[in-house]
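So, here come the structures, one by one.
Here chain A shows up in two complexes: once beside chain B, once beside chain C.
And then the complex of A and B:
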C-alpha cells in the first residue's frame, strides 16, 4: 500500500470517523458522501463509540503472508451502538471464544506493515470487555 | 429483442494444467466451441476473466485472445466481475445478439491460477481492500463469517455443510472434465484441515486453471450450426454492498435473490419449474445460501438438501451435476461459462452418467466476491 493511500484512510482508521445521514439517520462507516440507504447528500460527521458487539466471526487459520505470524486469529464484524458495522481482528483472548453476541471494546493497535518499506499501519482491533 | 440460442460449446479439462498458458487454455476452449458449431468466423468475443493482471501479469485480453484464435480484427472485450466474470461475459454476449448488434458471438471465460501468483491475495482483491482485507480477512474467512451468521440464525450444522462437498464430489467423479474425479467421505470432509472456522479444506473449491466457451446466435439462425440449440430465456444481474459489514444481514445473499428474480421474470418461469441447476459453491456453505436465495428450496430443505439427497442426481432438484466448483474446479473467470456448458449438455441430453432425465429447463448462478455480484441465467432445450 502506497503511503498516500494509507494517509487518506487516517480519519476512519485512527479516529473512527463515520457519517450520519441527516435525512434517515443511517450511519455509514467509513464516512461517505452519499447515504447508502436513502441517497441523501446531507451527512454529518460522527465518531463511533469505542465498543460494540460481535455480529459474526471466524478464526483465520490459513492467513495471508502479512498476517502469518499472528495466525490463528479471530476476525469479526462488530456493530457499534451507533449502528455502524466494521471488520476487525479480535485479540487479547483465545480466538475460539469469540462468537456472535460477544461485547468488545475497540482499541488502537498496529495492524500491519506496508509492503517492503515496512511502514507501520495502524487502526482498531477489538478486545473482549473485561478480558 | 431477438431470441438467442447457444449452438456450440468447448472447454478444457479443469485442474492444475502446468503445460498450458492463459492463451493456450483460451484457444483450446474457444476453438472447440467454433468447431462444434462448424463456424469459421464470429462478430465479437467476450473474455470473462477475473485477474489475468495479478495471476500472470497480463491485461488487455480481448485483442490477445482474438489474435491467438486467428481472428485479429474482430471486436473483443475482457469482462470482469470477480468470480462472476464468466457469467457476466455470457450476459453481455446474450445482450449483443438479442439487440441485433451481432449475429455470432463467442462468450468465454478463462483463468490461469497456478503460475506462481499469491492466490490468497489475488482472490482477496474481490473483497473490500480498505475495510476488509486491510484487517487480515481472507476469502474463506468471509464465507466462514457468512456460515457462522447462518448457523446462528438457523438449524445448520457442520455436517449439513459437509454433505454438500460429499454430494458434489460424487457428481464430479462422473465428469471427465472435472479436476477431482473421485468421491470423498463425510469423515474425510469433517476431518480435513480447518481453514477458517467453521470451514475446512474440503469445503473449499480448489485453485484451478481452465477455460470454457459457448457460441451464441439468434435462435432463427441456430439450425445452421446445430440440430439441438439451447435457448437463453432469462438473464439477471444484481449487486449488493461489497463489504460484509455493510449488508443488512451477513447470512443473506441479496444479490443472488435479486439476480434470480430478474431472470425468472424475464423467462416467465418460477423456481419450481427449474429441473437442473448449477450453483456457485465456491465454499460449500454458499451452495446452501444460494439454493435458498434462488428459491429452489425453502430454507429448511435447502439446509438439508445434500443430506436428504434432494439436491443430488436423482433428487427433486439436482444441483451441481458437474461436480460444482468444489469438484469440477474453479478457474474463477471460466466458472460461469463452464456452468452454462453443463446445463447446455443437460438440456441436449448429452450429460452421460450425470444426465437428469427429461430436463427441459435449467439454471446457472454465478457469484462474484463474497456475494457482491451475482448473475443468473435460465435456459430451455429447444
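And then the complex of A and C:
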C-alpha cells in the first residue's frame, strides 16, 4: 500500500474511528460521509470499543509473500458492540481454534512492512480474550 | 512534586524457556538456569515491536489515569530497539493513543535506562508546569546475539507512566541520577546486535552505578533501606539485582514483588519500569517504594515513591503484570524463536 493512502487511513487504522448516523444510528467503519443504510448525511465521529466477537473466520495457509512468515494465520470478521464490522487477523493463538462467537480484544500491532527499507504499517488485530 | 496519575505495562504472550536456548547451543540447561536465575523469557511476535508495546502500555496507563489523552502535553519513549533509525516511535504512539497533535514528542536512548530517563524528563515538565500531563514509556524488543549470554535474558515488554499533579496514584518524593563514561555494553550504528565487556558489565558498571544512585537518593531523602516496603533495581539477570539489594541492606522480601526477571527476562528499557508496575499492582496506601534503573554506558536513575489511597481502586482498570506473566502464553521452540526474532536469512 502506498504511504499516502496508509497515512490517510490513520484515523480508522490507529484509533478505530467510525461514523454514526445521527438519523438511524447505524455505525459505519471505516467512517463514511453518507449513511450506508438510510443515505443520511449527518454523521458523527465515534471510536469503536477495543473488543468484539468473531462473526466468521478462515485460516490462511498459503499467504501472500509479505505475510509468508505469519502463515498459517486466522482472518476474521469482527463485530464490535457498536455494530460495526471489520476484517482483521486473529493472532496470539492457534488459528484453528478461531470461530464464530469467540470474544476478542482489538490490539495495536504491526500489519506489514513496506519492503526492506519502506515504512512500517500499523493497525488493529484481534487477540482471543483470556486465551 | 508531581506524581504518577496512571501506569500500565505490556508483556507479549510468547515465551521461550532457558533450557530450550541452552540445549540449542550444547550448554547444560540446569547450569545456565541456576547461574542466571532465569527460567524463561518473553518473546515478541512478528507483529510486535517497541511501538506496539508502547501503545499497549500507554493505553493501560491512560485507562488507569481516567483522563482525556488529548490533555497529555509530552510523550517520551525510551528504548534501544526503536523500529525506525530515523522517525520517532513517539509519532506513531501519539496518533494511536489519541494524544496528537498538540504534544511534544521525543524518543530517548540510554541502553537499559531509557525508560526511567523518559520518566525523569516527563516528571520535570509537569513539575515545572510546562504541561498538564506527560507520558513516559520504557519498552524494548531486546537484542541478544545467538549463543551470547544475553540471548538467555533479552526479552520484550514495557511499562508506561502518566505524570500529573491532580489525583496522583503515587507521589514522587525524590529523584537522583548518577552517570559516568563506562564502556560496558554498546551497539555501534548499523550493527544488529549489541556487544558487551563480559564480566566488566558487573562491578565497574551495574553495581557501581546502581549502588551509587541508590546510596545517593537515600542520603538526599534522609531515608534508610528499612523505610521501604518495596524496591526494584534494573534486572539484567536474576542475580545482579539480588546482589545489589543485599549490598545496600535491602531484604529479599523488599525485592520480591518487583523481581519479575525469572519469568519475564530482561526487557532492557522496560525492565525496572515493568518491575515498578508489578509493585504498583499490589502496593497499599503509604507504602514507600524505591526504583533504581541502570543503563550501560553508563548511568542510573533513582526515584523514591509513595503510594496514595487512590492506587488500589485504579489497579483493576487494566491488566496487571502478574496477569500477563501467568496468563495465556505460548512456548516456542528455538526454531520458532529464531523465526520470530528474524534471525533466519530468507531468499526473498
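Heads up, the rule we're going with is that the second predicted complex is superposed on the first by the 128 of 131 C-alpha atoms of A that agree within 3 Å, B and C clash if a C-alpha of one lies under 4 Å from a C-alpha of the other, contacts with A are read in each partner's own complex, and residues count from 1 in each chain.
Note that a residue touches a chain if its C-beta (ideal position, glycine included) is under 8 Å from a C-beta of that chain, and two chains touch if they have at least 3 such contacts.
It should be emphasised that the depicted structure is a prediction, and the values quoted were computed from it without experimental measurement.
**Student:** Identify whether chain B and chain C fit side by side or clash on chain A in the overlaid structures.
**Tutor:** In the superposition, chain B and chain C stay clear of each other.
**Student:** Touching A:65 in the superposition: chain B (first), chain C (second), both, neither?
**Tutor:** both
**Student:** Touching A:4, do we find chain B (first), chain C (second), both, or neither?
**Tutor:** Neither partner.
**Student:** Between the C-alpha centres of chain B and chain C, what angle is found at the C-alpha centre of chain A, to the nearest 10 degrees?
**Tutor:** 150
**Student:** With the two structures laid over each other on chain A, which partner does A:110 touch: chain B (first), chain C (second), both, or neither?
**Tutor:** After superposition on chain A, A:110 lies in contact with chain C alone.
**Student:** Is A:118 contacted by the first partner chain B, the second partner chain C, both or neither?
**Tutor:** neither
**Student:** Please name the chain, chain B or chain C, that touches the greater number of residues in chain A.
**Tutor:** B
**Student:** What is the contact status of A:57 with respect to chain B (first) and chain C (second): first, second, both, or neither?
**Tutor:** So A:57 only meets chain B here.
**Student:** Quick one: minimum Cα-Cα distance, chain B versus chain C, in the superposed arrangement, integer Å.
**Tutor:** 12
**Student:** On chain A, which stretch or stretches are contacted by chain B in one complex as well as by chain C in the other?
**Tutor:** Shared contact residues on chain A: 65, 70, 111.
**Student:** In the complex, go through chain A and note every residue touching chain B.
**Tutor:** Touch residues, chain A against chain B: 1, 9, 30, 36, 55-67, 70, 73, 75-77, 85-89, 96, 99-100, 111-112, 121, 123.
**Student:** Which chain C residues qualify as touching chain A in the complex?
**Tutor:** Against chain A, chain C makes touches at 13-14, 45-49, 51-52, 55-56, 59, 83-84, 92, 95-96, 98, 327-328, 330, 339, 346, 348.
**Student:** Which chain B residues qualify as touching chain A in the complex?
**Tutor:** 118, 120-121, 124, 130-138, 140-141, 144-146, 148-149, 152, 193-199, 241, 243-246, 250-251
**Student:** So in the complex, which bits of chain A are touching chain C?
**Tutor:** My answer: residues 10, 14-15, 47, 50, 65, 68-70, 91-92, 107-111, 120, 122, 125, 127-128, 130-131.
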